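Starting off with a structure, shown below.
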Amino acid sequence: MHQTLSEVAQLVGGRLVGKGDQVITGISGIKEAVEGDLTFLANPKYLPLASTTKASAIIVGRDVLIEGKFVIQTDNPSMAFARIVGFIKENMTPRIKGIHPKAVVAEGAVIGDRVGIGPFVVIEDGVCIGKDTVICAGVFVGQKSLIGAGSLIYPNVTIRENVSIGDRVIIHSGTVVGSDGFGYLQVGDRHEKIPQMGTVVVEDDVEIGACVTIDRARFDKTLIGRGTKIDNLVQIAHNVRTGENCLIIALAGIAGSARIGNNAIIAGQVGVAGHVTVGDRAVVAAQSGITKDVDPGAMMFGTPAEEYSKATRVMAHVKRLPRYAEEIKELRKKVQILEDKLGNTK
Amino acid sequence: MHQTLSEVAQLVGGRLVGKGDQVITGISGIKEAVEGDLTFLANPKYLPLASTTKASAIIVGRDVLIEGKFVIQTDNPSMAFARIVGFIKENMTPRIKGIHPKAVVAEGAVIGDRVGIGPFVVIEDGVCIGKDTVICAGVFVGQKSLIGAGSLIYPNVTIRENVSIGDRVIIHSGTVVGSDGFGYLQVGDRHEKIPQMGTVVVEDDVEIGACVTIDRARFDKTLIGRGTKIDNLVQIAHNVRTGENCLIIALAGIAGSARIGNNAIIAGQVGVAGHVTVGDRAVVAAQSGITKDVDPGAMMFGTPAEEYSKATRVMAHVKRLPRYAEEIKELRKKVQILEDKLGNTK
Amino acid sequence: MHQTLSEVAQLVGGRLVGKGDQVITGISGIKEAVEGDLTFLANPKYLPLASTTKASAIIVGRDVLIEGKFVIQTDNPSMAFARIVGFIKENMTPRIKGIHPKAVVAEGAVIGDRVGIGPFVVIEDGVCIGKDTVICAGVFVGQKSLIGAGSLIYPNVTIRENVSIGDRVIIHSGTVVGSDGFGYLQVGDRHEKIPQMGTVVVEDDVEIGACVTIDRARFDKTLIGRGTKIDNLVQIAHNVRTGENCLIIALAGIAGSARIGNNAIIAGQVGVAGHVTVGDRAVVAAQSGITKDVDPGAMMFGTPAEEYSKATRVMAHVKRLPRYAEEIKELRKKVQILEDKLGNTK
């Protein structure tokens, strides 16, 4: 990285207080920063660190000044910083350009402008890939699947046939989109496979972590709503529909046909039972098990999950159980004594 | 899809009530169906939908008639429908034919008739693949591993050396069969690797989901019994043996040397401890932790798991804990009052 | 396998009691052994099996003799046996030699002596691979990543750019090292991606199971300490640091910026919350949820986790809740009777 402070200020639309030709050679957190680094200050509690950081410049809020430091004032320092980081990262990592000679791309596939396809990629017949999308090494895209524009599919992802991926979608390595839903018909002791005829639709601006599995629907579609972000090792079963802008954290599992509302947060290792609806903006705490519908905006905890404040109140009582047991024992003794005393009054 | 109703009736051995030359152009659930679709009615609670569905024909039970609709009467509408769907799906998806020139197949490998091998597949020396099996793009099959006939290995699966896979087995993308078991010898503070010399045996008619991990045994074998179905992201540790026709749902983990009986159901996110035996036809509810042997036919719930009815009874009491705490408090007051009253009678 | 007993004794530095030219043709557990096998006896409880095993020789402790059996006496029979098994396994499995013509290795990559690279491997520019390391089929190594000497990367692993892997590291199939950390900035209802600029450092002698995901740091690094062993399907979030010689069991999830001390054990399906510190030698029981710092040496259990003995004491009380409820009911009746009796004494 080699950028002047005025260039950085211009990139984020900020106001520079300091030397415009100061060169920034790296970016870093406020604690770890070394000379030449750019850092940022979003949370006032880190203000004391701002005077002692070794960073050469700090992105700060409007009207904030740090004695003895060059600052760039912006409305939202976190966002400004994230944008610079994104800009640098993009310019640091050379993109795949063109179709690698060791990829296998079906003649019937439609490949947009400036698409990059890495070695050992397989693009089957009828696939459509939008402009500026990058498909990294070892990715498989099954027949008739669609991938929008400006998307980034990391190495060794599997996208099965007839799946639809939107624009600006990021899918991390090892992930599988469109595997068969887990559906069987019990015939005597055996389980006969129910073919999964449906598809998966991943809307625009979704990001999917590494080693995530998203099953195709029995009929119709499994849907990941626009802007939803899925962490690593998450299971999305057939016919699930998530709303827009959800966060689904690592090792969570959403069972078949469950519905997740917009802006919901499903924390790590949560299980959501089949056919259940989780309302908009609901938050499910880590390791909880959702067994029935959740109201919009509710916060849930426990297995089976209850409303958070109720669950934690019950848990507080559970911790006090040894004391309660002691008290019950004591009460029994006291009542016994009372009964004995009153015995002769019967 | 383009099939006449008499062709469909013949395929499922059903009795057609309606026009034999009516053409069916799609298949669908009863709610989503459009004109030209075939659907089915298995559950009587959906009977009202049968009169209003836009489907052109409905597969129903024996003797069922729907006013104004063409029907195909069968003993088991769900199964009949699943079979048609399977027939259509098979004819819809072009199979891989022959060995792709960009696969690497060792000379010493034995490849059966009509086997399909996709691009970037690696088949090592001594591997044997039965007739009609399909190995999709990017799959690795290590030396001396055996795969039976009529099996389907989806893209980017890894099958390590010396593993044995049966006939009609389906393995979904990202899955790893035969990785080393997690075994170490503690030497001071360090963990010295215990080589895992055993193998994995996957019997006939097993289906394994996406991103599943099945470790090879220390000695002998890890065994997945005939007809067992494993969902996505499941961990099967070394030396585990599952019975036949089990269902093991997403994100479950079975620890080393555990035994699962026939027709058992291990629900999502369940953990089964090492060396434990789960009996035939036992059912373990989602997120439970099995720490000791489970009787055949038992239903278990909780961490550590208890018999289901016992676990839910205890849970009902847990929810009432705030009330119990209140009652204990009240009792203490009342007993205090009684003691005070009786004090002068001492 | 074809080794004489004197060769075996020499390999482990043991003392042979028996015929030096006896040929060993296999290795096995003490129960499953057949004639020609070598086995071992580490736990005295298996002593009765030692007389009846069909094995042709047994590795035993110093001074142990088994009537009618050839034995090799060593200080640590388990370790001696593991070493023989390792020796045999290494000689049994032909290593990949040289760079496969169907690998894509960038000109700018530096490949050490005796490195083996399988088919369909991608090694990007600026990658450095130490001597004697083996990279199996279908592995991707992103630009400028480093892999030390004597490491073994199994098929279909993804190692993203700028990642550092130490010496003698083993990584199993399907695993992803260096995927982006899960970090977003909320902007209205949307989540704007925070670029993850940091890296992952995997120190020497680490083993990582199958389908594990280790995210790169936002800045700085995610760190897996020397000698730590990670089981299958584990999630390590961005900026996590594990100590040395930890064991992290299948399906565990360690959230962002958590610190795990040296020699800690994180059991299966455990969740560790973000920014929490787990002390050296702490043990977290399966399925627990760590929500706050854990003292060195502590043993934890439950969600949220408590000190083990406390958690199990509370659980024992929970199981007795139906009885407590009964007792409370009884006490209320008795107190009512007492109150009624004393009523006229008011």
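Letters A, B and C mark the chains as written, and numbering starts fresh at 1 in each.
Definition applied: contacts are C-beta pairs under 8 Å (C-beta built on N, C-alpha and C of every residue); 3 or more make two chains touch, one makes a residue touch a chain.
For clarity, every value in this text was computed on a predicted model and none was experimentally measured.
Asker: Quick one: compare the interface residues of chain B with those of chain C and tell me same or different, with half as the dividing line.
Answerer: Mostly different residues form this interface, as fewer than half of the numbers used are common to both chains.
Asker: To the nearest 5 degrees, please report the angle of the rotation taking chain A's Cα atoms onto chain C.
Answerer: 120
Asker: Could you put a whole-Å number on the gap between the CA centroids of chain B and chain C?
Answerer: Those two chain centres are 26 Å apart.
Asker: Among the residues of chain C, which are close enough to touch at least two other chains?
Answerer: Each of 120, 138, 156, 174, 211, 233, 251, 269, 287, 303, 318, 321, 324, 328, 331, 335, 338, 342 in chain C touches at least two other chains.
Asker: Taking the complex as given, what residues does chain C use to touch chain B?
Answerer: Its residues touching chain B are 27-29, 32, 76, 78-79, 82, 85-86, 88-89, 93-94, 100, 102, 118-120, 136-138, 154-156, 170, 172-174, 205, 207, 209-211, 227, 229, 231-233, 244-245, 247, 249-251, 262-263, 268-269, 286-287, 303, 315, 318-319, 321-322, 324-325, 328, 331-332, 335, 338-339, 342, 345-346.
Asker: Quick check: in the complex, which residue numbers of chain C touch chain A?
Answerer: Going through chain C, the ones touching chain A are 104, 120, 122, 138, 140, 142-143, 156, 158, 160-161, 174-176, 179-180, 182, 184-185, 187, 189-195, 197, 211, 213, 215, 218-220, 233, 235, 237, 251, 253, 255, 269, 271, 273, 287, 289, 303-304, 306, 313-314, 317-318, 320-321, 324, 327-328, 331, 334-335, 338, 341-342.
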